[in-house]
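A, B, C and D label the chains in the order they appear, each numbered from 1.
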């Protein structure tokens, strides 16, 4: 199990390969990569603030729960903070399991919890000003699935 | 949209990076990698037979349906055939979408259809003999979800 | 004339991957009856239709589908891809 | 003494990321009342509790939770990670 909260970019492909090489006995590896979108064409940067003391412990707790609940072979979370350009990769999750359903479900579970329970806040810096991204009701609702 | 049915190995990380670099406007990329498992510790190879004429058209049709149904930005399927060693990567799927739920669902849909509707057959070559892998009822049942 | 293809254990039981046949079979079921009557190895391969699938011109089909105009028939067990 | 941390727009409205306070507040709600009475910028930041979350010693908590023994209180809007 590996968790990295970092400012610098990561190489999702290299991370996926290292993760896959490190699991033995898994038949299924699922990865998710989140990317900064520029919906309006006016985004200069996405600034991600976090709560350093809490980030590690909150995400570790979520990962521990996923490992146990889906009997995962392994799990990986990388999440960046700081100023990210449109098209930049914000974060990634990877899960490894004996079976595909467990790997998919655990990855979705991790994503749903990272969205609403890990202490990150996004601010969109546009050409016309800056705005905090509001939490979506649907993200909060997604948690009821688990 | 890219589909490759091939005998030679592929580099899942490099494929994921190339796929992600090729999509614009997507906020979410999901990948799945399937790996040869050796449950009993006696597997020498997994031999994958396919129906060359039908494989391309069957998988293309499944990918077209996924692209439309989830408004994907892009989709990728790589599937190997021939003799694979334990730990070898059999296949991968990647999906890109504006939102994470669509990317996850489309990847699961593609996997469920590849399992039961793409013309591949697996044979386990063990130390004590060879056996065709039987289709699982649960894989057929998984299709009812879509 | 129709090309008949066999995959996986169907191929192994029948002992060949493909053959070209002259047949007047109207449906897949008729073709199976014709082949099964021919030799024991066919009868064995076709003994349990529930464990068989058929594709006509590379599209999954049903056993009661007509063969008229079909150029390629393939028999195989349920797929195990992914 | 308790460390109080502010994040995202809560930090911006209050105008500082953290401060150390002497307080006798029994609960988070009491602490919010105390701060809001102090200055307008606090009252503004805490005006809509539904849009606020609180963590006590780095664990998500509720507004009626007791502060006894707590060393770090953090206020922030709903998280938007992932």
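What to note about this one:
Just so it is clear, a contact is a pair of C-beta atoms (placed from the backbone, for glycine too) under 8 Å apart; a residue touches a chain by one contact, two chains touch by 3 or more.
Only a predicted model underlies this, so the values are computations on that prediction, with no experimental measurement involved.
Within the contact network of the assembly, the step distance from chain B to chain C comes to 1. Spacing of chain B relative to chain D, judged by their CA centroids, is 49 angstrom. Separating the CA-averaged centres of chain A and chain D is a span of 26 Å. Centroid to centroid, with C-alpha atoms defining each point, chain C and chain D lie 72 Å apart. Within chain C, residues 82 each touch two or more of the remaining chains. The set of chain B residues that touch two or more partner chains comprises 34, 100, 111. Applying the touch criterion to all chain pairs gives A-B, A-D, B-C. Across the complex, chain A is touched by residues 11-17, 20, 24-38, 87, 89, 98, 100-101, 103-104, 107-108, 111, 142 of chain B.
Taken together, the chain D residues at the contact with chain A in this complex read 5, 7-9, 55, 58-60, 72, 74, 76-82.
Residues of chain B touching chain C in their complex: 34, 49-51, 53-54, 57-58, 79, 90-91, 111, 114-123, 132-135, 139-140.
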